[in-house]
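Shared chain: chain A. Partners: chain B in the first complex, chain C in the second.
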Partner chain A sequence: MIFTLRKEKEREYTHHDAAVIGAGPAGLTAAIYLGRAKIDTVIFEKIAPGGLIASTDWIENYPGFPDGTSGEKLSELMEDQAIRFGARIEAIEIIGVDLNSDPIEIKTNGGAYTAYAIIIASGTSPRRLNVPGEEELIGKGISFCATCDAPFFEGEDIIVVGAGNSGIQESLYLSKFAKSIKVVEFLDHPTAEKILLDRIKEFDKIELLLYHEVKRFLGEGKLTGVEVEDRESKKKKVIDVKGAFIYVGLVPNTGFLNDAVDMDPEGFIKTGPKLSTSKEGAFAAGDVRTTSLRQVATAIGDGALAAHGVREYLEER
Partner chain B sequence: MGLIREEDKKYLREEFSKGLIKDVELLYFADKNDQSDYNLAMKTLLLELVELDDHLTLTVKDCSDKEEREAEGLELCPAIKVKSARKGFVNFYGIPAGYEFSSLVEDIIDMGSDKLALPDDVIEEISEIDYPIDLKVFITAACPYCPRAVRTAHLFSMVNENIRGSMVDANGFPELSMKFMVSSVPHIVVNDRSSFVGALPPKEFLAKVKEGILIK
Partner chain C sequence: MKILVYTSSSCPYCRKTKDFLKKHGVKFKEINISKYPSAAKELRGKTGQTGVPVTLTGNHKIVGFNEEKLRRILKIKRKNIE
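== the complex of A and B ==
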């Protein structure tokens, strides 16, 4: 049995040299580098240190853990390392940021803060399918968090939507609970890593349903089925399930920015050299920025690079 | 080896030493005949916690003492109630394991101090509530979003005694989870009548609670 201790601090003072928004792998790495550079830094985290990896069952492509590690454990280790170098994590939600003021003003649900430089490492949230029935049945059979909700589907038939790395990895976890899992993929091929695809072949209860589109979720008050369409034949069918886990991509957590920095058409933050954004003093790191790969390993690199950018920026100020 | 990591004990000693100014009693109701690992873990966890600061004490009671349990307002067993001179119905049905351990620690510090991390407008709105509200927050230990909902319910009860906030370990109480159709957490049940899902900010959480109260 694990007992995970969050180590957030209460607000003591409101001006810092640097502020990091988000305590996922990118934000915590930035905090480690800024801490070691002795730059007074605050980190804001609204849910729990670790970001999306905190709800990831198992991570095995991050170096240093030859047998893999749980997302919960990796989050805790990263948090401990950041705290060791003086990181100050505050459990607070960012409401808005004024990037035109100097110092930058950060509005939170616990009052205003200022900082000379910020690193936006606010990460992403699971993308929704936006099909009929989804909104009404979230929490009533539809879930975005397998580690949170898998035990409720013990012995049940379920679907997982999306055959990318997240969908397949979480299907493997869900197979410990569910009776059967159909993984519905929009494309005609799964996009997960080959090693994960090889692994699911060992599980008879996991079946891939390629080139199918989820059209709607069915059920009154609780999920009873999912209507899918074969994209080739255009034939529709209903799969009777009590659970649906959705892994169809990510949307950036940038609402609090109010379009203050340049973003790509999907809302991810555009970055330049040393991960600077279009606004002076603002940097972006991790999944929230435009990038071709969103992994723990890439977020770590981003965090280090953005911290380096902040350090140089503060020295030149 | 104990349940709480040695480095976490060191951290907790410092936090309790800085934060606690009032005595806090952890009231633990358990079935005295329950020799399960679950029950043993709960008791061990609490024993390890109270050893970390002189302000903390543990009182163990038997679930079969219905009168006493009812006097404490506890419907289920096992339960941990965090008590101090400060008002508040801060309660855990089942073990606060995984991410929920932090909820217990933060509740202890809040109940042992005058801290209250809620926005002023929310405090004002909660203070005006003059009817009973029972909030059961169903969680699973691996849910990183759940402590936010548990803590919000507990903080509400520290503002207004008309509000009772309980964490419920969904896996520890499967029948109750089924009764309230819990299939995603955090799942918040309002007055055993209505429910909503999600770790919402305090203001939105309060709005959902009030909305739930109106459902007959």
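== the complex of A and C ==
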């Protein structure tokens, strides 16, 4: 009897007019706009509100903060604003969605939900290098989050892999802790903004190592070094370090979709002018969609646009 | 059983771990390595870990947010629908 009741309970669906997957800047902005339009909305967030910005040291290119702001603070403000307009954030993970059903069915690790429309704002995760030693040494010298783990490397020699905006910005933050930082870049030039590159010139402890490829991480139980190859001379050398922070790009968080919507070759979701996807009622916003720039400012615009698309879609239904 | 949770200020998985424990009424002591950098050295020396969150209780070490391990070790039962 208890078993039967439990099975019945499991079959219950909780319905909302709209569901937002991901509570980063795009998802929270969508929630603000949907909340103000009085559209019954639920937001699903598998980790914590804020997305990648919650663990970003400092953000200087988001308007309204002339002196910059910490990513943590900005994400808290966005969350508070979304909650003020009635956002209901569920701390659960999406397991799968059925975009062919009407309403759309959303399976989570906390029960089943339905919604007439969804906004996929599930963001991205740091890309791994996929070289020997990386997997085994994550958390034992290798990290993807400088603001989380920097205190472990007080007074140590470390490397940062990737000289894009994230790599350089986080190198500046890590310089408060580390004794020396080598920034290893695969290309023959750094791709970070000029203002950031000018800033690292002020730090003797930060050194750029261009046109080098990380071949493997060394160490048994703890990181002791990194083998890199000079891409021009093909000569290899080992850099002795206790820490490595990896910023080599992002991969979209779309596994739960099971290829249900059209994606580009890298797995980012293709969208139309109103951020609709290839499936009716499904929209995508923020870093998870195909776009030429992934910033807080672009995610905010996406969130607003996708919410507007959902509103129009629901009105026409 | 004393439960120590090592965290840092802007670590999303730390927040997730703390929220999970609070939701299930589990009392714990938080040690924030951003506020107390010496705790990072202590944790690294004790466990070899260079990342947070790390939850320590008895002889157990739970690295990252690992719901299944937290439930098993701390005996947190799963309700029908959470």
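Throughout what follows, the second predicted complex is superposed on the first by the 304 of 317 C-alpha atoms of A that agree within 3 Å, B and C clash if a C-alpha of one lies under 4 Å from a C-alpha of the other, contacts with A are read in each partner's own complex, and residues count from 1 in each chain.
Basically, contacts are C-beta pairs under 8 Å (C-beta built on N, C-alpha and C of every residue); 3 or more make two chains touch, one makes a residue touch a chain.
Because the structure is a prediction, the values reported are computed rather than measured.
Student: With the two complexes superposed on chain A, say which partner A:D80 touches: chain B (first), chain C (second), both, or neither.
Tutor: Touch partner of A:D80: chain B, not chain C.
Student: Does chain B (first) or chain C (second) touch A:G22, or do both, or does neither?
Tutor: The answer is neither, since A:G22 touches no partner chain.
Student: Could you say whether A:G133 touches chain B, chain C, both of them, or neither, answering first, second, both or neither?
Tutor: After superposing on A, A:G133 lies clear of both chain B and chain C.
Student: For chain A, which residues belong to both interfaces, chain B and chain C?
Tutor: 6, 10, 47-48, 50, 54-55, 72, 91, 110, 138-141, 143, 145, 147-149, 151-153, 221-222, 243
Student: Contact residues on chain A for chain B in the complex?
Tutor: Against chain B, the touching part of chain A is residues 1-7, 10, 46-48, 50, 54-55, 72, 75, 80, 91, 93, 109-110, 138-143, 145, 147-149, 151-153, 221-222, 242-243.
Student: How about chain A: which of its residues touch chain C in the complex?
Tutor: 6, 9-10, 12, 47-48, 50, 54-57, 70-72, 91-92, 110-111, 138-141, 143, 145, 147-149, 151-154, 221-223, 243
Student: Per the contact definition, I'd like the list of chain C residues that touch chain A in the complex.
Tutor: Where chain C meets chain A, its residues are 8-16, 19, 33-34, 37, 40-41, 43-44, 48-52, 63-65, 80-82.
Student: Enumerate the contact residues on chain B facing chain A in the complex.
Tutor: 3-5, 7-8, 11-12, 41, 45, 95, 97-99, 101-102, 105, 115, 117, 119, 140-148, 170-171, 177, 181-185, 187, 196-199, 201-202
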